[in-house]
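For reference, the structures are reproduced in the following blocks.
Same chain, two partners: subunit A is paired with subunit B first, then with subunit C.
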Partner chain A sequence: MTLLSIDNLAIEFAGPSGPVRVVDGISLSLGEGETLGIVGESGSGKSVTSLSVMRLLPEDQAAIVQGDIRLRGQSLVRLSEAEMRKVRGNRIAMIFQEPMTALNPVFKIGRQLTEAIRQHSRKSKREARKEAIELLGHVGIPLPEQIVNVYPHQLSGGMRQRVMIAMAMACDPELLIADEPTTALDVTIQAQILDLMRKLQRERGTAMLLITHDLGVVAETCDRVSVMYAGQIVEQGDVKTVFREPKHPYTAGLLKSVPQFTGEGKELHSIAGQVPHPSEFPAGCRFASRCPSRMDVCEKVDPAAYDFGDGHRCKCHLYGGRETNAGLA
Partner chain B sequence: MPALLEIRDLKKHYPLRRRLFGRGGGTAKALDGVSLSIGQGETFAVVGESGSGKTTLGKTILRLIEPTSGSVQFEGREITGLGANELRRLRTDMQIVFQDPYGSLDPRWTIGQTLEEPLRTHLRLSDEDAKGRIERMLEVVGLSKQHASRYPHELSGGQRQRVGIARALITEPKFVVLDEPVSALDVSIQAQILKLMQELQSRLSLTYLFVSHDLSVVRYISDRVGVMYLGKMVETGPTAELFERPLHPYTRALISAIPEADPAKRRERITLSGEVPSPRNPPSGCAFHTRCPMARPECRSVIPEWRQVSENRSVACHLYNEESRDES
Partner chain C sequence: MLSYALRRIGLMVPSIIGIIVITFILTRVLPGDPALMITGEQALPEFVDKVRQQYGFDQPLLVQLWEYVKQLARGDLGFAWHTGHSVASDFVTRFPATLELTLAGMALALIVAVPLGILAATKQNSIFDHIARVLSFFGSAMPIFWLGLLLISLFYAKLGWLPAPVGRISGGINPPTHVTGLYVVDSLLSWDMIALKDSLLHLLMPAFCLSMGTMAIVTKMIRASMLEVIRQDFMRTARAKGLSRTAVIYKHGLINALIPTLTVVGLQFGYLLGGAVITETIFVWPGVGNYVTESILSADYAPIQAMTLISAVLYGVVNLLVELLYGVLDPRVRYE
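Entry: the complex of A and B
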């Protein structure tokens, strides 16, 4: 059963010389209980995509100009703000890279959690507080009955992220969007948080959209992956397949630029050049200027998406002879 | 390999301010007795989490932070007591590249001005010589001489880090501290910069102290590694050996925590409970005992000695005291 589907979505931001299209025609779907990773570098459009699902894009600067986002078939794009508020928190929750910016520094942890709980249920203050303490215990916070009485700045980064997760899980959402949830954390704490997220997901069957630049985190947590480059999805499929047999030269290059921890291969590849600015996206393939397999056609014609079976698709002229798939193109 | 740098029992303690009613006081031990030697042409990596003291170590060696005690010898010469003038001369030989290519460049200076400054302060070159050197340096780091007239905001993150490297290398130093030089960069750019640093090392016979939290990067770039925890070195050894056979339980946990970009290799993981304690109030005995899966009663009370366990490996852990005692 499809929980979330994004269909041919395009998002534009206001720029000094007209609108700039930062996300261009992306399509993806996420099943119940599934984890989908969106991986890409700075400027790929991955965070803008996740914010658009929550309808958290700044309205005066950004607009969805094409396509649709549906939660169990219901379009989120067309909901009123009041209706959308009911979706946020209840059905879709989000955690961010830096929990300090998402927590209110002047209120104690307990108050913020009970407020979140009471926003979405008819519980008394007392019941909500009891539930807050239970939730904190559940996300592995020691002495939760004391932690409810402290302020966010008194907690470490890892503890703050646990509080954010507790808050996100408070209303048992169907979908959790995690935008670089462990990027600001030390590696041993990152391991704890990833374990916690997997545990909660197993227990509650929450689907997760994980936005990250870290291929290691994707490999360890996700079922499927979408690779974004310059506002488009260039490849997507099952994590094992994509990592083992990347089809797009960008995916392949990206995988080779990560120093592998185990194994002998000491050779490190780099991708020459840099991601073009959204106002300078070329008419053809956006990766063409950096691509080692570039052909003449690449600079002129935007490639279609080709299907390799089992949902493994890649947007690249190298596979020109194959059936196209309109869904990704 | 002759040692270029010899560090003995280096400490940096910060006095803690006494609170209103006399509580507090004491010291935070950011760096608590680190000894190591770095060979000519070597890349020595220091790894650890936030608060481990790895950045303090790099900066204290350069005397960007004044050590509380201990000794740093550069080419056989003690540098901890040097006065301001001698120190300035030393700066041409010892340089640093910072993590944040956004924050470490002056936004009001052109790249040319940024690169000219060390030449003026340290070498007093004529304008013409300086200009030639700046242009050559820009090419060495993969930029062009046109970049000299640009401002930092006109450059990408990767280009800015190239400028950071150019600034460090323009005085032709022998030793460079690289403080998380690629952490702020995207993966594809990170690989470009790592390769550039390697190429420059062999071309200019540089010695690196590479400070990083990223073990995969460290494994790629370094010859030897030191692992730090709460201001102390807990283990050192040649890179491949240390990663394949880590001795200290902390090193083992750190290695097993790395997410690997290969879904076929989802490994058994040692997840450490708890967090890194504060250096203001470090645990007694072995500072790691509060999180150590192998802690024994003595770990709580006795500080483990820093001991050499084989030709090129040292570790500070009670597990190895006993083994060596049993053998002897």
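Entry: the complex of A and C
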């Protein structure tokens, strides 16, 4: 059953010269217990998308202007703030990128955890504390009875991210959104954190929306992947299929720029240019200016999404063109 | 923390020595002949000379300074001839008045500034934000003597709502039994409602005058640091737990915003304890500020020097307390 579905979602930010559309018509769905990766460069709109699911976009600056986000069929966009509060931390929980700053520096770990527990249950302080200690033990924190009494700055980045995970798991959410959960961590710690998230996910059957720019992380953790570019999803599908046969030139470029240990001192591949600023998105394909397979049509017409079967879709004129040619012959 | 506090107190010694020397020199360069002030303009020159010798004003400055240091070392702050008491006993009688005024002023400032600063930050460009802006502008720009006179002419002279702005309590009413020296506290302790009401009414205008500056600075500080805190990641984390915006601001934001504000509040408090000269003069408030003014006008060296020294020490002590309080509020700060 579909747990989360995002339908033709558009998000606008207030800009100095009128609203700027940073997320433009994205659609995706996530089944129970499934893991979906959203990959993209910074500025592609992936974090904004994840925040919009939590309805935590900065209120006075950004707004959902089109489309819907549904959790088990129920529209989150239409929920009142009070109803939404019952969803946040309870049915959908979130882990952020910076474990160094995501915890309140002046409160002890235990207090921050019990707050998450008690927000959505009627547990006593003592029960919540006991549960907090259990949770900490569960996320692999040694001596949890002592860790509840320390402040965030006394823990390492990896430990803090474990605390964040414990906090997110406190109310056993149906959906966990992880926004670059390992980006700020050392490589060895990254692997531990990913393993932990996968373990918890398996045990509890939590679905996960993993936002990352790291294709390696996607390959290791996700069932399906959506590749975002300049506020749009350019390709999505099963991780294995997309990685083996990338259809979109952007996806192909991203995969090529992953460093490989081939032994030869080859120069790394890179995609020339930068993601355009949302206020300067072109009328045609947004990747056109950086695309190695650019055609005339790309600059003028926004490509449609083409289906390759099994939910593998790609938004590119390369495939539309073929069909048109076939039609002509 | 104790060893840190002791070390900090030790570090105050050089500054105190500096203050002793500087105030000593500054009082000597004040215009006016102290011997002539003591004897009066009409005194015979021989008599003036005698007084000059008696007080040691004819000695070289270095000798006078040495005598002054020796006297301080004995714990003697000197004698104020213009009141006829020792400076120490004058201070003890006048300090409670200043303390009461300072506490009232600070309380008033914080009661207004903290909520206003928070509202200004969380509801940017709202009416609260505008009030905060106007208040911090007027609070820092308005001269206290002008504000004080304005208040007196309105609330005392025109409307007659407040008693004559002279002192801490009306002439016809007995001050409450002395316990702390703070009239409001003492009248509460002795359950003297008449004295309580009268001393509160007397306190209102000077406390308001005194609070303006602090109110302005603290509002600005709270607003700025709250704006900073609101953008922090941990605020978003708290919202992601399902807390309401208000709960996030007051539970998670406020304490973090108060930490930088604490410094300003501490500095202001320490500064005001030294006596608010202008406010106390306008409202004839029998506190330390008034005492210093009288002493300067009578070229009475001993109380000027002693009061400057005491203010400096109080300022230093309050600063130290603020620093230690920092360590309590912010767990990242630890004093080894």
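Some notes on this structure:
Just so it is clear, the second predicted complex is superposed on the first by the 312 of 329 C-alpha atoms of A that agree within 3 Å, B and C clash if a C-alpha of one lies under 4 Å from a C-alpha of the other, contacts with A are read in each partner's own complex, and residues count from 1 in each chain.
Note that in this section contacts are C-beta pairs under 8 Å (C-beta built on N, C-alpha and C of every residue); 3 or more make two chains touch, one makes a residue touch a chain.
What you see is a predicted model; the values in this text were computed from it and never measured.
Superposition model on subunit A: subunit B and subunit C are shown accommodated side by side without a clash. Of the two partner chains placed around the shared chain by superposition, subunit C is the only one that A:F96 touches, whereas subunit B remains out of contact.
Contacts of A:A272 after superposition: subunit B is touched, whereas subunit C is not reached. In the superposed model, A:S257 lies in contact with subunit B only, and not with subunit C.
In the superposition on chain A, A:M159 contacts subunit B only, with no contact to subunit C.
By the touch criterion defined above, A:E220 lies against subunit B but remains apart from subunit C after alignment on the C-alpha atoms of chain A. Which of subunit B and subunit C touches more residues of subunit A is settled by the count: it is B. In the superposed model, A:R122 makes contact with neither subunit B nor subunit C. After superposing both complexes on chain A, the closest C-alpha pair between subunit B and subunit C lies 5 Å apart.
The intersection of subunit A residues touching subunit B with those touching subunit C, taken from the two complexes, is empty. Against subunit B, in their complex, subunit A makes its touches with residues 41-42, 156, 158-159, 186-192, 194-195, 213-220, 239-240, 243-244, 253-255, 257-262, 266, 268-272, 274-275. The touching residues of subunit B, counted against subunit A in their complex, run 49-50, 156-158, 186-192, 194-195, 213, 215-217, 219-220, 243, 253-266, 269, 271-273, 275-276.
Across the complex, subunit A is touched by residues 124, 232-234, 236-245, 252, 255-256, 259, 329-332 of subunit C. Remark: subunit A residues 54, 56, 60, 81, 85-90, 93-94, 96, 98, 101-108, 115-116, 119-120, 151, 153, 164, 167 touch subunit C in the complex.
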